[in-house]
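My questions will all concern the structure given below.
Which chain is which? They are A, B, C, D, E, F, G, H, I, J, K and L, in the order written, and residues in each are numbered from 1.
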Amino acid sequence: MSVAKVIEISAESPEGFEAAIRNGMKQASKTVENIKGAWISEQKLKIENGQIAAYRVDMRVTFVLQ
Amino acid sequence: MSVAKVIEISAESPEGFEAAIRNGMKQASKTVENIKGAWISEQKLKIENGQIAAYRVDMRVTFVLQ
Amino acid sequence: MSVAKVIEISAESPEGFEAAIRNGMKQASKTVENIKGAWISEQKLKIENGQIAAYRVDMRVTFVLQ
Amino acid sequence: MSVAKVIEISAESPEGFEAAIRNGMKQASKTVENIKGAWISEQKLKIENGQIAAYRVDMRVTFVLQ
Amino acid sequence: MSVAKVIEISAESPEGFEAAIRNGMKQASKTVENIKGAWISEQKLKIENGQIAAYRVDMRVTFVLQ
Amino acid sequence: MSVAKVIEISAESPEGFEAAIRNGMKQASKTVENIKGAWISEQKLKIENGQIAAYRVDMRVTFVLQ
Amino acid sequence: MSVAKVIEISAESPEGFEAAIRNGMKQASKTVENIKGAWISEQKLKIENGQIAAYRVDMRVTFVLQ
Amino acid sequence: MSVAKVIEISAESPEGFEAAIRNGMKQASKTVENIKGAWISEQKLKIENGQIAAYRVDMRVTFVLQ
Amino acid sequence: MSVAKVIEISAESPEGFEAAIRNGMKQASKTVENIKGAWISEQKLKIENGQIAAYRVDMRVTFVLQ
Amino acid sequence: MSVAKVIEISAESPEGFEAAIRNGMKQASKTVENIKGAWISEQKLKIENGQIAAYRVDMRVTFVLQ
Amino acid sequence: MSVAKVIEISAESPEGFEAAIRNGMKQASKTVENIKGAWISEQKLKIENGQIAAYRVDMRVTFVLQ
Amino acid sequence: MSVAKVIEISAESPEGFEAAIRNGMKQASKTVENIKGAWISEQKLKIENGQIAAYRVDMRVTFVLQ
């Protein structure tokens, strides 16, 4: 028997989408144990003065309940 | 670096959709800090004896993790 | 045992979305009994001469079969 | 023969969704003529200090090409 | 006034989808009170050596906030 | 030449999803003739006191017009 | 005040999609008055012996309630 | 390097869907240069007195920015 | 490094959805090796004389390329 | 017991959508036996020098495994 | 009061998705002022001779009307 | 006349999404000729011990039938 739970997080970074993903996963693993996986549900850009100020990624994170 | 989390709530009111939204946001802000925004995912009606008994709103609420 | 049926209606009003919803529910309850609920599937505007001439709401209405 | 074009706008107001819709339609009708209709694609809230700071509506606006 | 919250869980069982659903609901009711309902968002199979090793169900579970 | 019509029903049973489906089809065949098929659009659970009180199935039922 | 209802029909013809549409509209207008419009939700083919035996169209038909 | 833009148009004709498409493309190519392609997002019918008065097609048109 | 491929199958049985799933998986594992999993994309019923003649399941089956 | 498989093809023709469909079905029936049906998932246009150069249709084709 | 407009662009680069995104944003900011953000709606690859010839990104770009 | 076929693959890499994409395209081009393009349908992460163990990409790959 196995039960998992899904939370939804949104993370950003000025460097790129994969840096935003690593930020989000680092933060998620501080409050939640046994993360199994994640999937990307949205990728966005924040623009300031015509420049990309931040890359933002919405993720659904799955972790196992013990 | 910024990480946000999303929860999903469902609120209702006999008065209308915007009253239901205000109910839901008041309740959400009691248990969660740093709410940044919300978006409406569904609007429903509960009918009793041919009358609108309640307006119900499903919302996804975003708040910043500190 | 319980069986419900769903019909789809579309109602409009010059006053606003909730007035359109009340129009639709009033009309639906004339021809159908035992309505339990409804959910809003679309909200539209009809524009004439740059003014909002009507607010239109598409709803899916659920009623119990006896 | 009739050809219409669709643009997508996003409008907000501190008062409510229908006020945001009227703001958006007023602004759209300044730059575009012959608007026929619009439909609501998303409804959002901007929250500041636990209060609803703005109601935001994304709309797709249809106008006739002449 | 009524406010509900939605969580998303994923449960599995070697016996079938309804056994997986019962596993998930049992586990969810240990950590969350006042569950009102749930809906099935996805049904999957885990295959090992050409055999169905597990039936997996993703569910969205609704419970009332008090 | 062949024309079919689609209705949407929702049925429930305390025993399981397939029992709910059979309830719905029995009820549908009392008021509608020449049913050709159906497809499952949603599967839900009604929970009372932490127990599954009912399995609910939303179906779209197709029947031939004569 | 204006209220419309939507039904869903499915029609086919061996000649092509527009012939199937005309069949469906003819049949629908026999049982329902005041049809305002329709939109195509699906287009399918029935194949027999490697040949297209029928073109099938699923339509949602809107008519005004009086 | 290549950048394209997408606009959304809606065209109609009393003759059929492909005539509506040709109308839309003719009109679009008067105001926009370098159209590369289009895809059909919706097909609708306008009905008057039980007759098909117009075939309407919603299209998303892609053109290259120079 | 790991690469998987997805095929889509549709299976039916007169006994129920899980019997249809087992039929489909048995048949799929005859022509394809290294199946890892599957997910259910649609559940349908075939009706004859008011009785459920077959339960049909559409599945997407994933297998590892070697 | 019956098991079917689904493949996805994309066909085009300079003449129109139904000609593209016939092209695709002819080609599919050369490599695959026992085709039962197909459904249209997308309709596109290829434009060259402001003219419709090709009508393209994406189809999902179902055939029975023996 | 605030009103924003959304346009849809498609950009490509031989180097990768983020290079394509930067190309698209550079081009968009030449013709449109006050860009606030963008979100990625599709990511595609153009293949030539078995090699990735271009990475293509479809984006929806939001800018404020003044 | 031109007919293309679509297959769906899933590839992963410990390095990042674009490395996973290149793995998948290399593997696909070994068994299939005349690949024209691909589009990304899902991006996932496999997590082990709180670390990103693999980046996974689901792709739909299009190739021309000859």
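Annotations
The working rule: a contact is a pair of C-beta atoms (placed from the backbone, for glycine too) under 8 Å apart; a residue touches a chain by one contact, two chains touch by 3 or more.
Predicted model only: the values in this text are computed from it and were never measured.
Shared contact partners of chain D and chain L comprise K. Residue-number overlap of contact pairs with G-H passes half for only one option from H-K, A-E or G-J: G-J. The distance from the centre of chain G to the centre of chain K, each centre being the mean of the chain's C-alpha atoms, comes to 39 Å. Mean C-alpha position of chain J lies 23 Å from that of chain L. Here the CA centre of chain F is 22 Å from the CA centre of chain I. Across the assembly, chain F contributes 7 as residues in contact with two or more other chains.
Touching chain pairs in this entry, ordered by label, are A-B, A-E, A-K, A-L, B-C, B-D, B-E, C-D, C-F, C-G, D-H, D-K, E-F, E-I, F-G, F-I, G-H, G-J, H-J, H-K, I-J, I-L, J-L, K-L.
Contacts from chain D toward chain B in the complex involve residues 16-17, 42-47, 50, 52. On the side of chain A, the complex with chain E involves touching residues 1-7, 60, 62, 65. Contact residues of chain L toward chain K in the complex are 18, 21-22, 25, 29, 35-40, 59. Chain E contributes residues 7-13, 23-24, 27-28, 31, 54, 58 to its touches with chain A in the complex.
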